[in-house]
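What follows is a group of structures, each given as structure tokens.
In the two assemblies presented below, chain A is common to both, partnered first by chain B and then by chain C.
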Partner chain A sequence: MKRYTQIMLLAVMALLVRNLAVKAQDATEIMKKSHMAYYYAGNDGAAEVTMRLIDKKGGERIREFTMLRIDKADGGDQKYYTYFKKPSDVSRLTFMVYKSATGNDQRWIYVPSIDLVKPISADDKNSSFVGSDFTYEDVSGRHWTEDNHKSLPDGQIDGKAVYVIESVPKKPYKGFAKSISYIDKDTYLPLQEEYFDDKGEMIRRLHADKIEVIDGIPTVTVRSMENLKKGSKTIVEFSKITYNVGLKDDIFTERYLKTPPHEYIK
Partner chain B sequence: MKKIISNKSLILIFLLAAVMAAPVRADLKLDGFMQGLYGGRLDEKNPTSSEQTANESRLQLRLEQINDKSEFFGRLDFTYDGTRDGQNNDNYIWELREAYLKTRLGSHIDLKLGRQIMTWGTGDLIFINDAFAKDYRSFFIGRDDQYLKAPQNALRMEYYGGIGSVALIWTPRFEPNRLPDGRTLSYFNPFSGTIVGTGMGEQYYFAPALPPAKFENGEWASRFSRTVGTFNAALYFYKGFYKNPNGAIMTPEGPMPIFPKLNLYGASLRGPLAGGIVWLEGGYYDSRQDRGGQNPLMPNSSTSGLAGFERQIATNLTVNAQWQVDIMSSYDTYKAQQTGMHAYVRDEVYHLFTSRITKLLHSELVTVSGFVFYSPTDEDLYARLSTEYKYTDQVTFAVGANIFDGKHDATSFGQFRRDDNVYLKVTYNY
Partner chain C sequence: MKKGLTNFSTKHPWLVISLAVLITAFFGAQFPKMKIDTDPQNMLKKDEPVRVFDEQTKENFALHDFIAVGVINDKGAFTPDQLNRIYKITEEIEKIDGVIVDDILAPSTVDDIKQGAGNAIIIEPLMAGEISTQAEADYILSRIKSNPVLRGKLASDDGKAIALFIPIQSKDMSNRIAGEITTITKQYGGGAKYHIAGLPVAQDSFGAQMFAQMAYAAPATFIIIFLLLFLFFRNMKVIIAPMVVAIMAVVWAMGLLILTGNTVHIMASMIPIFLIPIAVLNSIYIISEFHAHYKKNKHKDAAIRHSINELFVPMLFVSSTAAVGFLALAVTPIPPVQVFGIFVGFGTMVAWFLSLAINPAIGMLISEKTLHRFAEADDAHGPLARLLHFLRDYSASHNKGIIATAMAVVAISAVGLSLIVVNDNPVKWFKKSHPIRQADVAMNEHLAGTYMNYLVFATSGPDEIKSPEAESYIEGMQRELEKDPIVGATTGLPDIVKKVRYELFGADKSKMSLPKSQDEIAQMLFMFEMSGGNPDDLFKFVTRDYDQANLWVQLRNGDNQAVSKVIARADQYMAKNPPPTGMTVQWAGLPYVNVVWQKLMVSGMREALFIAFGIVFLMMVTLFRSLRWGLISMLPLTITVMAIYAFIGFIGKPYDMPISVLSSLTLGLSVDFAIQFIQRLRTIYSRTHDFKQSYHDIFEGVGRAIARNVLVVSVGFVPMLFSSLVPYVTVGAFFLAIMLVSGLVTMMLLPAIAKTFQKSLFPVMTKSDKQPETTHQVA
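So, the complex of A and B:
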């Protein structure tokens, strides 16, 4: 009898472990698919971006820029090119990022009023992007392999069925201690993301405000990030989105940093 | 008078063209800023004739048109300078800061033609191979960073290919650095052996003569640059003149400052290291009119080297440090000459340390920044401190200070020790 109980226990434990493994596998797989849908749509992309930075008193600042992106490999390295249009004190300024999926990113800025090309030390991916509530990492994506993922019970966001995934950074990270993503079961786009600090308090919340199908690819065209600690909010609107534009790799070099690709920034 | 009228009509034409063109050409963009800058000096013993280091209202107009293959850009500054006495309306100043056409020629060549501002090299406010005109009159009184560089009328061609890029720049008419001229900022006059300014007499207004406008007096600057791994490596060559009038010739009226002929050869390397950016640069200054160092009125040749490192050490806090070394050629000859003239004798090896600290606060709306130059061999220093607040996307407030100190009147920064100032700046971007 005792032996029988032991066997039963072992079997149950084995099942549990196996289930856990499957669950974990699923969660990582979902996050990978979501990352692909959100950050790697098409082989390249171009868009006009308007950021509205709203402080806790309701004061509003605008950032307008053209953004170009090219993927070296799906889920791998990417290059970003940004040409600022507004506000006028940063108009014509350009910015370039080589995003490394495994190592450190490289960033450059070009200040046209003094004809200055400058590489920027870029080990802090958690710093704010142009003063907004988005970080550099929010813009170009945190690689899914940097966190351990776990499935929570499925849920609903804005009437859509979602996978709910909890992610914890593998290495201690000052950006967040835990995040929960709500991933659309159809499109794998994140409809909401919540970031928590080490005390379990929510510090930031991302929401997909509008989703459109562009060139056959479901795309979040309006998203907002709330900073719950500061009481500020940033709303980003993407327009004139095109995918598989055929951007050449040499656009993402110092040459185009200094003289923008005119056909894309008009 | 005639000149002023033509200046005014030019501005009027520019404005009219801008206003009239705007509704017609949807692709023509007009923006710019208005700015007030007010600076007071901290040193009563200053020998200039102005109590203020700055008292100006500025309107900048920017005009831009982008086509599929080319880009036109113009930047015009119209300033009222209250530090001037107003004789002949000399306090109304206009300057065409930039007016150029950028275009691509085939798939490998970019052209930039016209009045433009140019920068290259790796140093942070230290320029070894960058022989483009600087404006220290603006730099020392708190004008925006963009005014550190003075424009040059130039033709720039850049070739981009598999081996890297090659830039060739021709400036037909030599463009010097804009240095303190004694009006609002004092300077060291080697002939009188003291720090001077126009408060001591209008003869101390410093406006050295340029090399004659001849084809052979044009400036040539070129650079070969390529990527090596994650680093950028570059070679530089410049043929022209020292940008400062640090030589002199004897005339019947006495010594006259001139811009000595210069060839400059250099190299640089910059890239990511240890979570930051590291840079190295070196250059050889070939003083063509005094290769052996025999002429005491001409600068000796020298070799300059620079090493720097920058890193973000905490969120929104970036720090850098640089070390520059300058070794004078034919030093013994120089030392003998200077000792005979009872003048300041610099060390054979000059050292300069600099550090910049930048802190962003309040969602990057506030920038607090400090930059210090310190030379242990010349025993002088220069500190730039500033705080800027972006009140809205349109309105920016800034306060700052420029502090100089030095043991000797003749050194790079020591000569400005009577020019300490604080300033307030308000900008409206439109």
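So, the complex of A and C:
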């Protein structure tokens, strides 16, 4: 009798462990799919971006830029080209990122007033992107393999069924101690992401404010990031989005930093 | 009224005492509702322009009050061990509740812009993690020295001192947080000396310590006064009344203060210490009078009635003049001083009323047997009596000399008054041996300063501060201010622009200058935001709209006088170099607020003093129904105020907040003796019509009461002379000085004047005196 109980217990435990493993696998898989849908839509893309940086007191600053992107491989390296239009005293300033899926990114800036291209070291992906509440990592994506993922019970965001995934960085990370992503079961787009510090307090929250289907690809066209600690918020609006435009790799070079490609940038 | 109250008290002693106890219990019940406020900012009205602008500046640039932590190692603080300890200490400080973690300035939290591999520009923490070699430590120091934003602020050029700036949510947390930081530095310290400085810590810990010291200073004063009274009257039961009156006056005043919703600020915490002596004074007159009368007639009821009857008018005037002195503080533009003045004034009148009600009531309850013993005890031949007799004879024989001396004192005092230097620095409210004072000295010697002022440059519209004109104007102001030796460093937007430009051009020294075009300035700033530094760091120096810039002006000295010089320098610069059209320039920051506060305080106090002086004079003329006597009665207080403040002028002690508040006390207390002396002298004279007799008697009854008061109050405050807080020592010294000077002037100058001008001051009273010539005898 005793022996029978032991076997039963072992069997139950084995089942539990297997189930957990399956769940864990699922969570990582979901995060990977979400990453693809969110950051690697199409082979390349172009868009006009308006960023509204809203401070605690409601004061607003505007950043307007054209953004070009080309992917080497899905889930792999990418290149970004950014051409600033506003604020007007920085117009014609350009910025380029070579995003490495595995190592450190490379960044360059072109400063028109002194006609100088300068590499910028990019050790800290957690730092603010052009003074907004978005970090560089929020813009180009944090690779899903950097965190351990775990499924939480499914939920709903804005009336849509979502997977709820909890992610904890494998290596201690300054940006957050834990995040929870709410991923649309249909499109795999993140509808909401919440970042927590090591005291368990939510520090930032991303929300997909508007989703449109562009060239057959579901795309978050308005997103906002709230910094709950500072009380600030950044709203990003994408317009004139095009996918698979056939961007050439040589646009993403120093030469084009100084002289922007007119076919894409007006 | 006087008869009614005394009759009632003597007929229903228990009822009167019960009623007083009941009312006291009611006011005492308010104490748990007490709200303590140690925020020095509340010394100013909420809508005082300087305070409004200071708060707005803090809000606009997300600035916080900060605690400066200094690490000083004379053998050099830049060693791996020391830096790693500081790294650890910073980590621990980040965990303290109330610390603004994102804004901490420390080697491990500040960003450094520099040249990276492959011609890249790189922004990364100055000290990204613990280090292991001396070369790394040296490198960190060299980076601080080459960065105009950090140099002198974070470390001294010789590498012996490192500073951490810990911003905190509000000033009233600084004492607690400073305590927690001390615990941390003790745990992880090693080798170096750790200091904690800054105005918020000084002002907040001062508030905290003041309350703590008040908790023992008030009872200590109370006990000493009690012991002295016992020494004089040798009867426990008799001296219960004055002590009860003192406690009740304090409880009523503090209770009403709390009940009316006022917070107990640093000033209000001093109310008990001011009220106790004032409350005791009245009772000493009553008991002295009672003693003299009872000794002769051995009739309790009659002695009580007689004493009150004799003393009612002088006591009323003594108390109301003291009250006027304090109530006049209500005209100062400083709310805690107003509250202080109003409630000490109220307490003074309560003490007067209770003296009249409680003394007779308690007197009635004391058995005749006890009173007999009390009456027998007599110090008519003790040292006090001998001193009084000496004064009596001396004042009569040297009357002209005394008057001449008094005139000389007034003349010399006028010189002393002109030497008074108005200056204050809350850090100096601590004695030199106090850790806060030592930290102040050590850190300001090594580093760019622990006092932070802000100079705000406002333009008329967004982006305008990025213009080359605006930037070079700010830069010019920086160079001008830095000429002042107490300005340790100035940090502003031009420094950031120049530093980014310098690094962009590959650390080219020739590019460490302001660009000529607005676009270039804008792009340098955009670079700063782009390149990964904390964008919030930038907005400590400029608004997000780029319409205002904030120049940090770090001072090594927080004396108002020194700060005023820096302000004057800025004013002169602006007079010579008018700002670009549309630009306004305005100061903010705690040292500046303190300067303005002091100005308001000094002018407010002056006004209060003059108003009180005028009212007291009118009251004296009314009381004595004589302009001449009114003038004479003002002499002790005038000479006392002049002599004390002249003394301050001569010894060079700065006229600061505590000293200015004490002027009203001086006025209120030093008129007391004159009223008692003159009123009683005239009463005795009108009864005897014998100047010689009157002159003789005045030194017996009232004279002894005055001498007792001088001793009780001045000795009662001796414990305060040993306080670690300078303003307390000042208060104690003032009580001592007021009592001694006004006592001496009353007992020497007034008799001398009476003697000298006898004929005109004591005219022959024909109504009841048929032999006028006898009154003309020389005493």
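Observations on the structure shown:
Operating definition for what follows: the second predicted complex is superposed on the first by the 266 of 266 C-alpha atoms of A that agree within 3 Å, B and C clash if a C-alpha of one lies under 4 Å from a C-alpha of the other, contacts with A are read in each partner's own complex, and residues count from 1 in each chain.
We take it that contacts are C-beta pairs under 8 Å (C-beta built on N, C-alpha and C of every residue); 3 or more make two chains touch, one makes a residue touch a chain.
Since we're looking at a predicted model, the values are computed, not measured.
When the two structures are aligned on the shared chain, A:Ile62 is found in touch with chain B, with no touch to chain C. In the superposed model, A:Gln156 makes contact with neither chain B nor chain C. In the superposed model, A:Ile109 makes contact with chain C only, not with chain B.
With both structures placed on the common chain, the touch criterion links A:Ser127 to chain B and to chain C. Residue contacts after overlaying the shared chain place A:Asp89 against chain B and chain C alike.
When the two complexes are overlaid on their common chain A, residue A:Ile265 makes contact with chain B while staying clear of chain C.
Of the two partners chain B and chain C, more chain A residues are in touch with B. Of the two partner chains, chain B is the only one that A:Arg255 touches; chain C does not reach it. Look at A:Pro119: by the touch rule set out above, it reaches both chain B and chain C. After overlaying the two complexes on the shared chain, residue contacts for A:Ser239 are found with neither chain B nor chain C. Of the residues of chain A, those at positions 53, 55, 59, 61, 87, 89, 111, 113-114, 116, 119-124, 127-128, 130-131, 230 touch chain B in one of the two structures and chain C in the other.
Note for the complex: chain A touches chain B at residues 53, 55, 59, 61-62, 86-89, 91-92, 104, 106, 111, 113-116, 119-124, 126-128, 130-131, 174, 230, 232, 250, 253-255, 258-260, 262-263, 265-266. Within the complex formed with chain A, the chain C residues making contact are 59, 102, 116-124, 463, 466, 504-505, 515, 517-520, 522-523, 526-527, 529-536, 538, 544-545. Taken together, the chain B residues at the contact with chain A in this complex read 27, 31-33, 62, 64, 66-71, 73, 102, 104, 110, 112, 116-120, 145-146, 148-149, 158, 160, 165, 225, 230, 232, 270-272, 275-277, 310-312, 315-316, 318, 363-365, 392-394, 396, 427, 429-430. Interface residues of chain A facing chain C in the complex, by the touch rule stated above, are 53, 55, 57, 59, 61, 87, 89-90, 93, 95, 109, 111-114, 116, 118-124, 127-128, 130-131, 136, 229-230.
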